[in-house]
């Protein structure tokens, strides 16, 4: 039994980690931290967990944390994470960080988009935790940078196409839509029910969202050259789910069959990628509560573009589920352990 | 491995049965029937099941059905069920019927509220499948009448109070609110998104809803005499969930502690009942996707009334989950098998 | 042209006042106050008002306020209102207060439920602003206590029955459900989209909600004696709308026709009450955005109870619309001025 | 007083027409047709209209229709409209057709996307009813083809840019999201609450949606040459609202100020276009229930693209409101008559 800890258990990703962990047969939740709810049962903060999770929230000093578990999920905001992670690694622990602090390999880029980095010496070591691309490295790493939710949906959708060189990298436009849990659980006017319900809006349009450099970093690796994309996030009146509609110009005329084969070749053995049949498109409600990424595409012959659509549950494949998938790899468990529940519909 | 079948797999209860069954370690889904979708993969009807459920919908002749499984979940409408069930029982199979056809023990009552009964000889044998009340009988039965969703929430909420005689049975008023999945998946104007979304309404007010006699039958057993109640269903703009707010006059002055003890005594070992601490009330979003029934109460000293609130997921504890719980009992599996997933929030 | 001011324009009631006022032909909005958004256009806070309302939020000293308009809508929280209102009255202005500060005629009751009252000398003068009951007094008053949203729905539903003595006053149970705008626009975790969406819950159960004494005060007047009721509020995942389902025991056997006549007699000339035909029940989506109160009822002969259902838009008839209706009366305008828009569906 | 008729009053556009018309001071609704609800009050079909609209649905023979009003709104499906319209015109009436039947000027294109056209002789005469582009012609026309909802949002967003030649026409990608009322009120499984709620999906991807040729027709006129675009519709879990996010490559480097001026020059006197300040983006909830089209844009310097975002209420500016705006122009009323209500938020 591996002892695991959740740092920052009072956010939605922390709660989802606890929900997944409580039925995972190989691990035990030994510590859950929260400044705000110290001393309170986590199941009082998230009553869905009542009867399933009986841990009490703690707020230990950073130096006391490492002793409390063998592996940690850091679900705290960026900047907080970068200060904590070295202490845990120095204590001989494995860390899966759900913040952005170790996702960008280039410290300058990080500091351009965020703030000064206190642990930049760890950037070279951190592995970008997208198992479909970095499975081997993840298995051997002690520090995983768990990908952002938007990047997960976009990168998985484009990887086979970029690797095969069938699209023009400079033409990529990602129009992404996310549920409100992506904004976190902090009390902000813009996240109130009445502000989000029965509405829809774009935000941080035009290279303003911090997921942009992360997406570009990984797409550049896949394309074999530095590329920029246009990325527009939108806020959906749903709790969970991201759907990205990604447009790219085809490098040459290709058939749907050729494209389908590229996806099959790369993903057919992936446990959490579901490729959709022709003229079938993904929907957030069909991945809800699961670690699946559903991918469909359509070629628009007239304009010589391909439209790739991918859907994930941002709290699962976009955060907690992917983190557990990474943990399974790091600990030598079967990759799907604890992540087998079928999506919930309706 | 027990072979199970779903008759009527294209409704929401049928789909949820398939979702639960696909991760149940002791059973195998060997047949799923649907007239409308015959020949189509069930996962094409419910794309959430893609990659998890690979069965093709069939439409076998009734007489060919029994051979296809050892136990059947009948998720077809009332009247259809009463004609099918005898064939399955005669074939030596076990049946859990999710319709109303075998819930009412009195055929006259049934025929007053529904239509003539073609299999009334089975009514005496059928066991009302509420494990918290009828566990022993369920284990030995071959025909279970799976309770209605509203009745489940109301009966579980009131059982300890009625048994102990602390409330005036004639004073019971149940104000219940249900999500839209309770109306089923048939294409009706009143169930359209635009008709239900961002709205709320009562329906079938004043002894007009067919769950009334079912609720009264079971509450009468608990009260030890025939009683009538007032029951008002309402339609919530949510997919899943029932919350019943039940009012009753206290038979004499009692304390919260006394009431709490009644609930504890009856339910403390129940795997799917969660009793809430004082001044904590249930919410549908904390049972979503799970087989839990959450119960809270409050005494209004001024008016000498008790308010009991119970929440379930109508598709799970109100239908498919309770059916699997019953199956576990009938087959000798641990009662929680396949039903361990924590509720999904948000 | 009468000059009107909104004190506390940055809440949902304030915004709705601005929305209604901008098309009211007899008045002009001359001041809108907000501490938080001082100096900002109100239409930047509520972009729906762009192009319709061009006022800039101010934060004047209380003593400077009275000069800025002839009539004020106070849409600030209770306690804040009680300090401001005397200054405005002393300045010779009319005031419609949307807080609870002047609704309770008995200062002891007020102080039991809220906090000490700094302007209790005004309680005797304040008129409870429910035009259907107090139209004559409203016309002659300079201080209106605009009713609470839950009380409006419940009192209007019960008034004809209590006046006629056909129900047992002690038997009244009001099960009310409100949209999230009722919780206001302050940034609280419990009001976040993810906490409210796709869910439903009761709150402040059992004489815990501050609207209880207000409802009881008005029902007692109608009943001609002091009565207590049971009132349970619930939170709906909708923005606007209250539906109250109210139960009462009939004092003697009466027919639906008799009851219908009581409603007709009292309400047939009311511009904002819509009585529904037999077996037709109200729904929040049919009053959305309007000042209507829809009322339906059903007699349950078996239990000798009547179920009264009423629906309002809590932001309109439950707040801003009713305030404008009161203003129309106070200023001698036709009562429906500015309130003629039909409800928006879907 | 002009007499107007609604043909097809039982759909959402028909109901919204009735809602707008009931407060329009210059017209009177004299006929509302519905096969399904013949003989029933329209306010029984749409209870929001109770007390505001007292017309009874009729189902007159086509040849009897013309006599019943002076101007008709045809809110029936395409194909039905093309057979009715000539009868009304021959009767000397004005017609605003909300279907697609008279939107495409080229009969071959129409027949490629729809079916044979029975009234193609009227195509040359019909005016595309987008007042911001065709105001003068609309005033003098007797047959208006009221634009589609997606086209309205996209064309208004792009018009100033295409006219000025600042974008590359071939680069246009329109990613559009619509509320569920766009799918109409027919009872279809895919439009059920449980299928749409808490979810999001693309549909008719890749030149599959019939609004494509309509959009291309109008953008080609603006661009001065034939162009093709990529258009992807998505289904939002909201009742009303369309938001289009449109991407285009800039023809040369331009500043935000230049672009802003193009919009100002074209739209500053338009009563229903609201141009948003820099870094402010539209949202469907801020135009809900109104005839406004809100437009914002952002230049992505790195990729040399412009992102234009426009939001409308698809039932109002995308259907009924625009139809009334056209009627106002045709009848010589002030263009905003009956359309002054501010958007409803929340």
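Structure notes:
The first chain written gets the first letter, and so on, giving A, B, C and D; residue counts start at 1 in each chain.
Note that in this section contacts are C-beta pairs under 8 Å (C-beta built on N, C-alpha and C of every residue); 3 or more make two chains touch, one makes a residue touch a chain.
As the structure is a computational prediction, the values presented were derived from the model and not from experiment.
With centres computed as the average of Cα coordinates, no chain lies farther from chain A than C. When the interfaces C-D and A-D are ranked by how many C-beta pairs touch across them, A-D comes first. Centroids of chain B and chain D (each the mean of its C-alpha atoms) stand 45 Å apart. Spacing of chain C relative to chain D, judged by their CA centroids, is 36 angstrom.
Look at where the CA atoms of chain A average out and do the same for chain D: the two points lie 38 Å apart.
Residue positions 12, 181, 194-195, 197-198, 237-240, 283, 285-286, 288, 346 of chain C each touch two or more of the other chains. Residues of chain A touching chain B in their complex: 12, 15, 19, 22-23, 46-53, 181, 197-198, 239-240, 274, 276, 280, 283, 285-290, 292, 294, 315, 340-346. Contact residues of chain C toward chain B in the complex are 170, 173, 175, 177, 194-195, 197-203, 205-207, 228-230, 232, 234, 236-241, 243, 245, 247, 281-286, 288, 298-303, 305, 307, 309, 346. Taken together, the chain B residues at the contact with chain D in this complex read 12, 180-181, 185, 187-189, 191-198, 237-239.
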